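These are the structures in question, set out in turn.
Two complexes, one shared chain (chain A), two partners (chain B, chain C).
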Partner chain A sequence: MTAAASAAAGVLALALLPFALSAFHVGVATEILIFALLAMSIDVLAGFAGRTPLCHGAIFGTSTYVVILSAHAIPLPLAMLAGIGAAGLLALLFGVIAVRTSGVYFLLLTLALGLIVWGVCLRWTAVTGGENGVRGDLRQGWLADARALYWLVLAAGTVLAAAMWRLVRSPFGLTLRGIKDSPTRMQALGHDVARHLLLAFVASGLFAGAAGALYALYNDFVSPTTVALPQSVEGLLMAIAGGVGTLFGALAGAALLIGLELFVSAWTERWPTVLGLTAILLMIVAPEGLVGKAGAIMGSRRSTGGIR
Partner chain B sequence: MNRRTLLLAGAGGLAAPALVRAQGTGPIRIGLLAPLTGVVASGGREIVEGFQMYWESVGKRAGGREVETTVEDDASNPDTALQKARRLVEQANVHFLFGNLLANTGLAVANYVRNTGTPYFIPVIAADDLTQRSRIPNVVRVAGYSASQFSRPMADWAFKQGWRRVATVSQDYTFGHEQCGGFTQKFTELGGRVTQQFWHPLNTADFSPYLGQLANAGVDAVFAMETGADATRLIQQYNSFGLKRRIPLMGSMNATDQSVIRTMGTEAEGVVSVAHFAEGSTNPATQAFVAEYEKRHQKLPSLYGFSHYSGALWVAEALKKVEGRAEDRDALLKAVRETELAGSPLGETVRLDGYGNPVYTAYVRRVERNARGQLWNVPIATYPNVDQFWSYEAEAYMRQPSYSRSFQGVR
Partner chain C sequence: MLGFQLLNGFTFAALLFVVASGFTLIFGLLRIVNLSHGALYLLGGYVALAVSGWTGQFAAGVLAAMAAVALAGLALDQGLLRFVRGYELRQVLLTVGVAFVLNDLALVVWGGDTFTVPTPEALTGATEVLGVFYPTFRLFVLAAGALVFMLLSLLIHRTRLGALIRAGVDDAEMVAATGIDIRRVFLGTFMLGSALAGLGGALGGAFLSLYPGADAEILVFSLAVVIIGGRGSLLGAALGALLIGLLNTFGQVWFPELAYFVVFGPMALLLAFRPFGLFGRPA
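Now for the complex of A and B:
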């Protein structure tokens, strides 16, 4: 089966999923799709440009805030575009500041930038409602139906995921990989490293913003926790759990973390412990992530088969 | 059987449970949301204790039906609270929701039930606007209070002590803004002056920058709006800076709650606050409740435990009136709104005002030691009929903006 055919089969299977699930589980699946998009947008930077950001929760949440706030004044599709635009602008600003650093400095700088957004949302009470957040009124008409929203998110997610896939496979994406491996060599070859990274940062921010806009539809409520550090960390963890540099592994990572939290918390209030232990176990057994590990196992089978 | 009849049979099978539900058989299902993990986990556990204590005391029955409670952890996080509320409503099919502690978790769930119509009872979600400017018909604050409700009588009492200059110190979030707003507006209108307001981030470890300024502020008293560990630290450091001997300390009702003072010593003695519940009251109904709570949980009840015990009692009374028909949301909500609760641990009859917030006798309370050496809140003055607007006319009051850092009711 070609890659395109298996991707089509995957999307079809996901599209049929709501028929097998209760309304509540369709909601959970919607959340998984949205967070998979966030994790993928992080993977574009972390897995393909070698820059691990800790501010994508803030970019994601900024879009959510803008959508919910502006939807009171303008039609919903425009509000969502405004949210994505705001995320893009924020990513541009962050990118200008951060792209000339790398490694742990990039990590810390993006962390600090994300915290500024959180601080603004917490303190700018007149606009953001402070700690109490903003209540939306977006789930009206056909959007109130859990399945309809799921299909909308799936359709948008498929387009966005395909765009990200195209991006990382394009000559631009290959240049990013070159920068990941050796920035100095790419510079010597005549590539403008900072500009490539800035473009990648903005693209990644736009994708995170799109996920945030969809989250506004799903959650219909936003508060500073949506832009807080744990959100960025969770997105990164999903990308890592799925497999950094696999892009679509993010879906597996999101499904694992959200599913685990939901089902374990039904059984024990010690669910954060279980989640933590799972993360540790995963890092020991499959540091390349779920999809990365699966790919490695299949790859080694194929190669041993070849030797025989 | 051909395919069509098979499908019809299937559809009949699906419809049957809905019919049974509408007739009102089986247990009444309640979803209780409480923060069992995260920053306010200790308060969350007391919510569950108080709530379960009521249902166990009546054999888990109300209005002739069995009552089944499902507890979910909101993790002190609004997004998690929302997810758990969805699970309770859409999967566990609860008849109504109860609980939450932090205002933002409560507001998130309130926004969700606005669309589903599920009744939602909030004994400790104090955000003013949930029973004021942005009311939701199916969200009722049974046995609860709004944030600025009791800081107004506190201001009145302070003025009567002859204090004219007061400074406030508060956690910098909406609950603090609202409590300080109630105090500041009333105190200023009486003719006093709030000279300084200090807003500090949640989880402040070191209060010395604020205490240093308070020492030289030349004020007659200080009003502190603190919850949890911040309350403990502020009261301790206020004492160790030697301020307690010089400037009287008033607290918000949370600052001297049992959840704070039960682990403290002499530094908490003498702090004054205002609330509808005082565990050190001599009222026999209150004392019976306090004794029973202590027997079960080996500690004196906090506001969280008390409020959820009373909230459960309130809704149980309403369920009795509708003969256990929890499915009939409109009838249940109407009964809850009309219930005048006589048998609560407060020992007085409590009713809701026209906006879904209870009216209480407010007690000015001072932290003292009881005969067994425990610290508790003892009433020293009373204010009857304190509702969320108190001396203000409701509609006129709601035309002024909500309290915030920048608007404290003073123009």
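Now for the complex of A and C:
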């Protein structure tokens, strides 16, 4: 089977999934798709440009806030575009500040920038409602149906994932990989490293914003938790669990983490502890991602090394 | 009123310096961004609360907090970080995991209520400075911050251990090659940095109070201090703490809802010109 054919088969299988699931589990599957998009947008930077960000939860959640707040005044499709645009602008701002650094400094800087967004959402109560958050009114008409929303998210997600795939396979994406391996060499070859990284950051932010806009539809509620650090960490862990640099592995990572959350919530309310332990274990045991780890154990394929 | 606000800024800066100095020491020497530093701060605060409650001695609470958090640092370094040695990003994400676990367990033990570490009799009440009556305990925190700065400066610039730390920041491999056990210097620094988080927690627990989420607030301020000051720079941390402390105080007075912009706007502006902070160098 060619890559295109197996991708089409995968999407078809996902499209048929709601017929086998209850409405509740269709909701869970929708959430997995949305977070897989967030994790993919992180992987564009972490896996292909070699810059690991910890601010994508904030970019994602900014879009969610803008969609829910502006949908009171303008039609929903426009509100979603406004959300994606806001995410892109925020990513541009963050990118201008962060792209000159790399490694752990980049991570730290993006973390601090993301925390500012969280602080603003928490304190600016007149607009964001503070800790109480804002309730939306988006799930009306056919959107109220869980299956219809799932198919909408799947359709949008397929287009977005294909766009990300094209991006990382394009000459632009190849340049990014060159920058990941050796920024100084790419600079010497005449590539404008900072501009490429900035463009990659903005593209990644737009994709994260699209995921955040879909999340506004799904959740119909937004609070500072949506832009908080755990959201950024969870997205990054999904990308890592799926294997950084694999792009579509993020879907497996998202399914794993959200499935785990659903599973442990039946036994305990201590999800942050479970998430923290998952992060610790993942870093020690399988930083190359679970798919890569399984492959390495079977000896069938070379591990990509994962996050360093 | 201005004098009062200035003192508020300086005392908050002193607390920030105590917490951020530990962070920047560890970041500078071990290249570990310890994102559980805020959780260690909160842990220190709760330990100080418990111990000063049992013994009735604030000093005992402070010492217990420093010792307990230094031991937590030892356990973190030897029990977990040793498995990801040399991988910067894995180390950071591992400490994020530790922060989540610690905070969640603190929530189980101490619940969601707000606590304040009781201060000793001698430090309650107010003292007149700059023409205003100001809480004595906050002046004590200011003095403690200045003392920590002086002691750390002496340690770094006047002792053999300090010379090793400075050499390790520049080139750890060369230090190891001269026959010095750099791992022990690393471990000692990690425990010292953690103890400073514990001290910060004990002081901050009496000054700002303890609640779930206090760790994230102190962490974001400490990150800003270290980012402004530059990796591993004590003087940078002091200047960064003063800047953030004053901006935060006046920001809250003048623009209460947008205080965050007032604090972090200048940080972003500075980074546009000096991406590695005032005294930092590329890693």
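We take it that the second predicted complex is superposed on the first by the 273 of 308 C-alpha atoms of A that agree within 3 Å, B and C clash if a C-alpha of one lies under 4 Å from a C-alpha of the other, contacts with A are read in each partner's own complex, and residues count from 1 in each chain.
Here is the rule we use: a contact is a pair of C-beta atoms (placed from the backbone, for glycine too) under 8 Å apart; a residue touches a chain by one contact, two chains touch by 3 or more.
Model, not experiment: these values are computed from the prediction.
In the superposition on chain A, contact is made by A:96 with chain C only, not with chain B. In the superposed pair of complexes, A:109 makes contact with chain C only, with no contact to chain B. Of the two partner chains, chain C is the only one that A:280 touches; chain B does not reach it. In the superposed pair of complexes, A:272 makes contact with chain B and with chain C alike. Between chain B and chain C, it is C that contacts the larger number of residues in chain A. Once the two complexes are laid over each other on the shared chain, residue contacts for A:132 go to chain B alone; chain C is not touched. When the shared chain is aligned, no partner comes close enough to touch A:142: not chain B, not chain C.
Within the superposed three-chain model, A:263 lies out of touch with both chain B and chain C [touch as defined at top]. Residue overlap on chain A between the chain B contacts of one complex and the chain C contacts of the other covers 123, 125-126, 272. Considering their complex, residues 52, 96-97, 100-101, 103-105, 107-109, 111-113, 115-116, 119-120, 123-126, 228-230, 233, 236-237, 240, 270, 272-273, 275-280, 282-284, 287, 307-308 of chain A touch chain C.
Interface of chain A with chain B (complex): residues 22-25, 27-28, 31, 122-123, 125-126, 129-133, 135-136, 139, 144, 146, 219-221, 223, 225-226, 262, 265-266, 269, 271-272.
The part of chain C that touches chain A in the complex is made up of residues 31, 33, 35, 80, 83-84, 87-94, 96-105, 108, 216, 219-220, 223-224, 226-227, 231, 256-261, 264, 267-268, 271-272, 275-276, 283. Within the complex formed with chain A, the chain B residues making contact are 36-37, 72-73, 75, 77-79, 82-84, 86-87, 90-91, 103-104, 107-108, 110-112, 115, 127, 134, 172-175, 177, 404-406.
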